[in-house]
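Shared chain: chain A. Partners: chain B in the first complex, chain C in the second.
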Partner chain A sequence: MELFIEQVMNGIGNGVVYGSVALALVLIFRTTKVLNFAQGEMALFSTYLTWQLTEWGLGVVGAIVISMLFAFVAGAAIQWTLIRPMEGRSPLNVVIITLGLFLGINSLAQLFFGVDPQFMPSPFPEGSISLVSGARVQKDTIGLMLVLLVECLALWLLLNRTRLGLKLRAVAGDPDSARLHGINAGRMLMLGWAMAAAIGALAGSLVAANRTGFDATLMQIILVYALAATALGGFDSIWGAVICGLIVGIADALTIQYVDALDGIEVVVPLGLILVVLVVLPTGLFGKRTVERV
Partner chain B sequence: MTTDQTGASAEPVLGVAPADTTTAPGPAGGRPPLWPPMPRAVLTARIVIGVVISAAALYAPFYFEPTMNRVLSQAIYLAIAAMGLNLLLGFNGQVSIGHGAFYGVGAFTSAILMVDYGWTFEVTIIASALLTGAFGLLVGLPALRVRGLYLALVTLGLAVLFPRVAQKFVDGIGGRPLLRPSRREFASLIDGLADDQWAYFLSLAIMVGLFILAWNLTRGRMGRAMTAVRDQELAATTVGVNLAGTKVGTFAISAAYAGVAGSLSVMIDALADGTNPVLYFQRSIEFLVAMTIGGAATILGPAVGALLLVLLRRNTQDLIEGQEILAPAIYGGALIAIVFVLPEGVVGGVRRLLAALGRRSSAKGRPPTPAIPDDSHDIGGPNERT
Partner chain C sequence: MSLLELDAVAGGYGQVQVLHGIDLSVDQGNVAVVLGANGAGKTTTLRAISGIIRVTGDIRFDGASIVGRGPEAVSRLGIAHVPQGRGTFSELSVEENLRIGAINRRDNAIDRDLARWYEVFPRLGERRQQEAGSMSGGEQQMLALARAMMARPRLLLLDEPSLGLAPLVTREFFAQLGELNREEGMSILVVEQNANLALDLGHWGYVLEAGQIAVQGPAEQLHDDEAVRKAYLGF
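Right, the complex of A and B next:
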């Protein structure tokens, strides 16, 4: 039993990571209807920036805040220069651009910050708390969970309870009719990218702190799991992304522990989950159904 | 939304261009012409381009060094896989980021049959095509329920999963999932052709065959069903298109193309590799990129895109001395630049240029062909424009 709980905790630890990256993906998707393959690499770059700032003697929290601000601006700039001109063109073009960014940002990060593994200090206290049953949970994990919770709540409030959120959603729903209502659609789309980039920067920095070290491949496998969580949750649900991040993380950890037949191919689990859920519920667990008109 | 396709043939059409059709193909119109009326200048340009390309393709292996021939052969197998994806995504509107997995299945099928069972390479190509086709059928069935981004993600899973499955079940050199058929197995069957030239011509012949097949397929009944499903699924079913059959069938054919490409890669690289966990994901992306920069929903597009991609990758490798790390950045930047300059891909751009040329040289007073409005908002609906 203790082992079981420990594995669940492990799973949650990874799950919050997947959830926080998934959150950024969902945010971009909700506000701009683009699936950003470069999300992970954008986060990677900001993570390196955070690390560099701490190397220069800045506190971790301050470094993360500055890096988030940088990511916010950079995200907006990317949207403005690369994504906006693609408006009205085939969505494939946007996909190619995000893939180009994926390659480019990764190699720029390696160029600026070197290829050696680096160590990121954690903003959370060290050590672990023991649970009732004797299993232990890292304070890091708890901190990450709290941050994620706050992020979700803030985003949910922003999107569902403010005028700005309403505008963002209106643009995501139909840019043209939003424009007719006097909403500056371009600015909203830019804001969507900027916010997602900032959230990615936060997620990346915390993930790197959670690991013993990180290098330029940090986000690649995480992105796959985050995509799994996003699909499972239905692309447009903030809570769905986070909850499904946890589900994917836990399922993965338990498979590693208990199912020997899948040794080495644990990734079957998130993928199998996606497939089953999508075949049964094509819009994911938390997605909204849409009615198609001809 | 029209469901007809009046896409121009991308191959130089030998023969007489049909006289100017008086009835404009419309939603309610009869059977649209196979290609739009083509002014003499455009026809000539196409024939010239076609002849030049064919001559270059046939002469290339005698002109270049073996290493370059290998690069060109890589472009050929990439083109075949990209064509497979093009049938699925460009013509049928189903996204797949999992074609790397089909490609991998093809590669390992060939490699295993050769190494463990002593088959002749050329025979294994047919086996891989059949096997990956069946595999595609299997994947195509659940794909009926999922669309757009969701389908992209499910198929992405395939590409991520494949190397792990290979690692678990393939026992190659030193217990690693790596199979290396001996070079001798791919020896030239024709006297006077070096091995690399033979590999090139064999791949080229297969590519031409498969491209002609794709051309016929997309221009026929099946192709009309495919594009109708792409443009408006619901509307297509109301006019009697067998939705499930079309989608699953396209998936299977498309997977078989990727499988053949995988087989050929074993000949050209003398290797089936399952050690790199992201290799087959990268392959999937390459197919997508080759298709898009070449021109989605065109016949020549995948070939042009594949050649461009392979040359770009090769030439950015050592562009800046001592800064190899930057190669992917330049490569990525080039991709972005191509999308910016040629949103419809190279073939789409050339086609537009030729059309403009043709309009100027002939046809005074004839209204320009109306462009089909692009109202595909979901991913994977690149509309073919005339």
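Right, the complex of A and C next:
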């Protein structure tokens, strides 16, 4: 039982990261209706930036904030220069661009920051807390959960309780109609990319701190799990992305613990989940089925 | 005085020219009706006014040229365009849809206007928290009108509001438009296939054919002109 709870806690620790990246994917999906395959690598680049800043002597929290600001601007710039010109063309064009970015940004990160594993300091206190049952939970797992919770809440409030959020959702729903209501759709789409990139920067930096070391492959497997969480959550739900991130993380940890058929079998979990969701529940656990009458 | 004037407006989509020199005007407080068959260029005319497509010629709103401005800018000048298909934000609630109409307003009368439109269209009030896409076509048309009016526009552009509506619903809708025009002096430019209803509402009518104005005149006169009816309006 103790082992089980510890594994669940481990899973939650990873799941929080999957959820964060899924959150960024959902944000872009909601505004532009494409999956940004470069999300993970954009986060990787920002993570290296955070690391570089700490190497130069900056505190890790300050480094993360600067890195998030950089990501915000870079995300907007990518949307402006590469995604916007594809407006009105096949969504496939955008998908191909994000795949190109995936490879390009990863190579750039290796070029700038090298291929050796690096060590990221953690913003959270070390050590663990014991639970009533005797199982222990790492303090940084709790820290990650709190960050994610705050992130979701802030995003939800922004989207549902502010004028800016209403504009963002209007553009996500029907950009042409939004324009006819005087909403600058281009600016909203850019903002969606910018926010997603900043969320990714935070997630990347925190997961790197959570590991003993990281290199340029850090985000690749995470993106697969995040995509699984996004699919399971139904692509357009913020809370769905987060909760499903946790589900994927826990499923993964339990598979590693209890299924020892093959080394690396746990990677089948996210892929299996994607498959099952697409076949059985195309709208995911939290996705809205669009009902439209004419 | 003309609120809206189109002067030799020509253009279309890419290589395909749809409008071949349209002259048209809407007087302050009047309802102008544009009739014509499918493909005559009715929708394109409205899209040209809103700045969705680029055109040559001149379009003046309240005396100032608005040619070359995008839809965001044109909307902020006070032109509300209800497109074909109604432009419903289906995943948002009815109330959120209405608030989008007022998104660029900075005054504090928005809630009062909301209450007012719920009174005019009680169906919208009953469903204010419901997803807008789940409403019937007639309800969505009412929502589109109310959403457009939430911007407090000076000119309303309507693209075939009767499309897909039951005859009774269409009549109610046009009655509502008439009321808006008479009681508030709302200037309206409406594109329609339902010539009978539209001409009853309008002051001035245009018949569009192959991207040009074929006939124009007082709505009443067009309505009663046997030759025009036979040639263009089919009733």
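As a convention for this text, the second predicted complex is superposed on the first by the 285 of 294 C-alpha atoms of A that agree within 3 Å, B and C clash if a C-alpha of one lies under 4 Å from a C-alpha of the other, contacts with A are read in each partner's own complex, and residues count from 1 in each chain.
Assume a contact is a pair of C-beta atoms (placed from the backbone, for glycine too) under 8 Å apart; a residue touches a chain by one contact, two chains touch by 3 or more.
Small disclaimer: the values here were computed from a predicted structure and weren't measured.
In the superposition on chain A, A:Ser107 contacts chain B only, with no contact to chain C.
Of the two partner chains placed by the overlay, neither chain B nor chain C lies in contact with A:Pro125.
In the superposed model, A:Leu166 makes contact with chain C only, not with chain B. When chain B and chain C are set side by side, the one touching more residues of chain A is B. When the shared chain is aligned, no partner comes close enough to touch A:Gly57: not chain B, not chain C. Touch criterion met: A:Ile183 reaches chain C, while chain B stays clear of it. Residues 292, 294 of chain A lie at the contact with chain B in one complex and at the contact with chain C in the other. Within the complex, the chain C residues that touch chain A are 50, 52, 70-73, 75-76, 80-81, 83, 85, 87-92, 96, 99-101, 103-104, 131, 133-137, 140, 147, 151, 164.
Those residues of chain A that touch chain B in the shared complex are 29, 33, 35, 82, 85-86, 88-93, 95-97, 99-104, 106-108, 110-111, 115, 220-221, 224, 227-228, 230-231, 235, 263-265, 267-268, 270-271, 274-275, 278-279, 282, 284, 292, 294. In the complex of the two chains, the chain A residues touching chain C come out as 163, 166-167, 169-170, 173-174, 176-185, 288, 290-294. Interface residues of chain B facing chain A in the complex, by the touch rule stated above, are 1, 89, 142, 145-147, 149-150, 152-154, 156-158, 160-161, 164-165, 167-168, 232, 234-235, 238, 277-278, 285, 288-289, 292-293, 296, 323, 325-329, 331-336, 339-340, 343-344, 374, 376-383.
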